[in-house]
Amino acid sequence: MKKKVLSIILCCFLLAGTSSLAGQISDATKSCLSCHSSVTPGIVCSWKESIHSQISPAEALKKKLLLRKISVTKIPKDIANVVVGCAECHTANHNAHQDTFEHNGFNVHVIVTPKDCAICHLTEVKEYNKNLMSKAYRNFKKNPLYHDLENTSLGPQVVKEGKLIYEKPHSETQADSCLFCHGTRIRVKGLKAKETEFGEMKFPVLKGWPNQGTGRVNPDGSEGSCTSCHPRHSFSLEVARKPYTCAECHKGPDVPAYKIYMVSKHGNIYFSQGKGWDFKAVPWIVGKDFKAPTCATCHISLIVDEENNIIAKRTHQMNDRIAWRLFGLIYAHPHPKEADTTKIKNKAGLHLPTELTGEPVSKFLISAKEMKYRTADMKKVCLACHTTGWVEGHFARMEKSIETANKQTFAATQILLKAWKMKVAKGLPSSIFDEAIEKMWVEQWLFYANSVRFASAMSGADYGAFANGRWYLNKNLQQMSDWLKLKLKAEESKK
Amino acid sequence: MKKKVLSIILCCFLLAGTSSLAGQISDATKSCLSCHSSVTPGIVCSWKESIHSQISPAEALKKKLLLRKISVTKIPKDIANVVVGCAECHTANHNAHQDTFEHNGFNVHVIVTPKDCAICHLTEVKEYNKNLMSKAYRNFKKNPLYHDLENTSLGPQVVKEGKLIYEKPHSETQADSCLFCHGTRIRVKGLKAKETEFGEMKFPVLKGWPNQGTGRVNPDGSEGSCTSCHPRHSFSLEVARKPYTCAECHKGPDVPAYKIYMVSKHGNIYFSQGKGWDFKAVPWIVGKDFKAPTCATCHISLIVDEENNIIAKRTHQMNDRIAWRLFGLIYAHPHPKEADTTKIKNKAGLHLPTELTGEPVSKFLISAKEMKYRTADMKKVCLACHTTGWVEGHFARMEKSIETANKQTFAATQILLKAWKMKVAKGLPSSIFDEAIEKMWVEQWLFYANSVRFASAMSGADYGAFANGRWYLNKNLQQMSDWLKLKLKAEESKK
Amino acid sequence: MKKKVLSIILCCFLLAGTSSLAGQISDATKSCLSCHSSVTPGIVCSWKESIHSQISPAEALKKKLLLRKISVTKIPKDIANVVVGCAECHTANHNAHQDTFEHNGFNVHVIVTPKDCAICHLTEVKEYNKNLMSKAYRNFKKNPLYHDLENTSLGPQVVKEGKLIYEKPHSETQADSCLFCHGTRIRVKGLKAKETEFGEMKFPVLKGWPNQGTGRVNPDGSEGSCTSCHPRHSFSLEVARKPYTCAECHKGPDVPAYKIYMVSKHGNIYFSQGKGWDFKAVPWIVGKDFKAPTCATCHISLIVDEENNIIAKRTHQMNDRIAWRLFGLIYAHPHPKEADTTKIKNKAGLHLPTELTGEPVSKFLISAKEMKYRTADMKKVCLACHTTGWVEGHFARMEKSIETANKQTFAATQILLKAWKMKVAKGLPSSIFDEAIEKMWVEQWLFYANSVRFASAMSGADYGAFANGRWYLNKNLQQMSDWLKLKLKAEESKK
């Protein structure tokens, strides 16, 4: 214990020293560090190497606009001239936080939310709120169809009286799968005392925790989690710009974006040479700082050429340059107008952005004109390295993939509808995801059609062919068709 | 615009400066750079960091043979003493190029082809032409069986009058999947005017573009695309030597080479320590420059020991050290004698290097003696780190895997032939890939037998077991057999 | 040849020079190097860069305990003051080695075993022997059920008189798949003469070679292979600490640990930033040397904070911190008490740690109390970066996943048992892995339930959902149930 105290004193001394140039550590943060340097050394070390520990918001504001990483122009006085430490974030807006608790004389909250980050990064938070991702919990939970898909995907199924029955998935199971990416709703369930090396202390009991899903509903009512992409206490630009961040949620058979990137020419160049690139530079200079795009290049980062001409603006509204929603629900379709999709309903009354036949429910989706604008913005990024002919050729293929993958989803739907009509499967209004033919149908759009479209968008050949691609679109159709024939024959023989 | 002009002047000045030591930039290339530095800054930057921008062919020729990267001994005068810039490649052989167009006073062509590269790298191009890969378009398109496989893999299938019908795949779909790796046939469809920031200009309209497939048919009649492995304007040895390059086409379930490498001991060492190795050294010194092989080590690169004793010659004819064609068509078999396989026909009249029973069509395939030579050359690479006992043990397992995977492909074929004979599937002369049992049969050799053989060749255990390996060979056989039983019983019950 | 001799002289000279500071090269090793520098240059170079070539055991012993890499306190005199070279390992304990042979005047053995390594690394070897992995060959081969699974997984199946028959897998096939990871039994089959560049020499003929499986049975009777994780002649800590090492055997559908790590937050941070971390430091300082854990961090390495307070002790008994055996055999269950599991038998007489219904066979498994201790030790690692609330939340989810994945395995087992009872599948005492419904059942626990549990343990969301996760647990149950219905109906219609 003596050793600990000594190290705490030493640590404070050192910390005070290292950050004297660009900003002082606040007294409150010093107080946090005095214990947490030894209690949670891993995150304290990460923070010490982060930009947050090295510069005060006031200093950050002095940078030229193009080089600046904060987006407000006024900083609250109490934090303007200290570096951004533990207390600056974990005590911010403490009245708004249900997870605030008294901790050694401070009103601390466990979960730092987009609202807290917005004190300095307001534009980013505002933009982020316009993403579907920021409503990934809400959109998921309030849609009866998605709810049904969740229940029949997670199960568990059990055998009761010789029959398979779906039990309702446990909240821990949900948090461990769908909500891991979509985000949980964090609920505060009082305080609980715990023995620590500094004596007994009380901490809030949180349900749905831990979680860093993109649409997390936070104890201050905000939605989202900046730490989804800027993880933990290094708040690293480098991490957010590398494809592994996106891979956390976009690698599975439903959204194989990372896998496709990996086998694309872009991915090849990144994996082969990226170790020498500058992933921390702001703005990010094409050709100089990096030679091939990562996910962030095309979708988020501020990209310039060597003379600081802007090629792409920084945007945390990632759909700014996305015309299509490739992800099939159930068909690919023009991007929704609003991040909140809970209002979307098709003519059949289903909460879907297209009819079951594929026709888009246009009033909720962006117009052809808006699609053009977004595509044009995206193409500007491509044109930093490619000629117009190249770029047009690429996009023509993507549009054709959208068309044909939708077509093969429609073929699968026709078979499904016939199965429903002929009463060999139950279909609406009961679950449309719990029977053999229905699960085949889900895989048609959720796995194979998605793979084909993403493969096309990012040029990763085999994901459009044998790796969950067109081979499976066709094989699955055949299996659905064979299944239906067999069932209809069996029905006939009964008569 | 003023800013642009200024930057152009500045850029030319800088460029003239940086490359003054080893070679001057030609006036023509300076002219290209004057606009493209700002129009396509990404690729100009890449080129500036490439060897091409730093040395003239005449200087390159002065290097000792073992260190040399060009393979001709005479360089055309007009390019000998300038660095290899935009104009040197994009105006080369311009009369032979159907994609040549007038561009600011120059006869420029869009697509640089192996014929253009051969001006300096003749040996590499000649050797490359002896690869199956260099004919990947031709061999694919002129073989009715492969054509049938393409049609039934890509579809799309649609429902017409209650039946699933295969539509012919669209050319964009082909380019997006099979031909992405095999290469497209590039066709020039006239010129098209376009508004640019320098006024209206005309550019050729290219069909099948973009593409960097290995057997691309180019507008000058040549086949292949050096950029498949030496991507874009860095012409990087490092990229070509890293496994991500091969992964672009060799990662899917049909050719899981990269995945297997990843879990091999070789892959482990590369991924763990490779960041410190020298991927640019020529020749490439085993143990010093690298500690474990990548794809290029065994198949292509010039490998020496620390005293420059040659362990393996550089070869761009990758089959130089490959005795077997592991890739099942439909069975693994001795490597074809010639890169052009369009003449190959078996006794049954099918364009296949084996009979449907597995017997090789020997006259088109290399002899046992040639197989020995090639294997011996490959083993020399292994022996740089392993003892003879180790190497012999490894190859014995590979041969056994070829034998048993072929055997299980034969078992699947027997079931298929019975299905055809008993008329529960149509088979030849109609498509042999469009029915349920046929698709199962395809997966037996294209996915599972291939996985087992590649796993064995590269020591990646689970790809020979549960990861698309022998587990699936056996499970698939059982499913084929069960399917056949069910069908035969159904037929019987009709009588 | 002249050149070779010259280079050998030069090499010895250089080597003598480079290691003069921390230890001399023994005469015996010098003799080895005199030829092997040119015969197997790759491994000699690797060794030259290893710690073994740079320090003698006596010098290593002088280091402070926390920094020390060897675990004995007395070193045999003859090797104490020379660096650890070829001869020190390959002639150690030569009388115990059946693979010892006379080689240029030395009694050399090919395979260096844990017993040999134990001369300096005794604690590590003792601990390693307490792992299931160290008995991976024995436990596998002596269990009739595992044997049956091996036979039906590897095949090959052939068609005989119209029926599919399993042939016994060839030893080369076993070595190429299951035993690649489990380890082979190495057998010495006499000596064989071979022509070399130094004249005719005799070498031992080894069966089961090469192999670096974790439970390899060696020619000196020992079990295990240190080179599984510390590969080849660099004996690299860096390699063993990186996740690619574990991926060699833990990436397939049966144990997708690496894949899950890749999409976890930990993996993201490692892949994004790990290139700058210190993977060679001993002890390994959390936050300073590394910012996110790799497999080794949680399971093996000596972890300290910046003041050298121990967070986790080094252990080569990896189950020291593992309460549950997540890997389903057939159900996840408390970890076995002993590494040797050959004695385990359930009430039904099957060599399994649980009943077919899931009930654990407690007397062979660790107690609830021991599980608590192990979990507490593991949590200490987590707590270096996370709060208690976070850690408790994480473990609660893992326990829930174990419960529900076991539940869905039980549901699959109920369907299987009914199939056996109704005589539509044979079941015990014949093979329980060779029929359609049995193979479905195997995939339920071996692929899907395992994926769900590992996903939960390591926070890799989609492997608990669509990537071989719960989606497939439910789909597979449905297919099993449908298969059974179909069969029962067919049986009924016969009557």
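The letters A, B and C name the chains in turn, as written, and every chain counts its residues from 1.
Basically, a contact is a pair of C-beta atoms (placed from the backbone, for glycine too) under 8 Å apart; a residue touches a chain by one contact, two chains touch by 3 or more.
Not measured: the values here are computed from a predicted model.
Do chain B and chain C, two copies of one chain sequence, contact each other through the same residue numbers, with over half in common, or through different ones?
Counting shared over all numbers used gives less than one half: different.
What rotation angle, rounded to the nearest 5 degrees, superposes the C-alpha atoms of chain A onto those of its identical copy chain B?
Resulting rotation angle: about 120 degrees.
Distance-wise, how many Å sit between the C-alpha centres of chain B and chain C, to the nearest whole number?
Taking the mean C-alpha position of each chain, the two centres sit 34 Å apart.
Please set out, as single numbers or ranges, the residues of chain C touching at least two other chains.
275
Help me check something: in the complex, which residues belonging to chain B touch chain C?
Spelled out, the residues of chain B in touch with chain C are 262-265, 267-269, 271-273, 275, 286-288, 291, 305-307, 309, 383-390, 393-394, 396-397, 400-401, 404, 407-408, 410-411, 414-415, 418, 455-456, 459, 461-467, 469-471, 473-475, 477-479, 481-482.
Residue numbers of chain C touching chain B in their complex, please.
3-4, 7, 37-38, 40-46, 110, 152-159, 162, 164, 166, 170, 172-173, 175-178, 180-181, 194, 203-206, 209-210, 212, 231-232, 234, 236, 238-239, 242, 244-245, 247-249, 251-254, 275, 434-436, 439, 446-447
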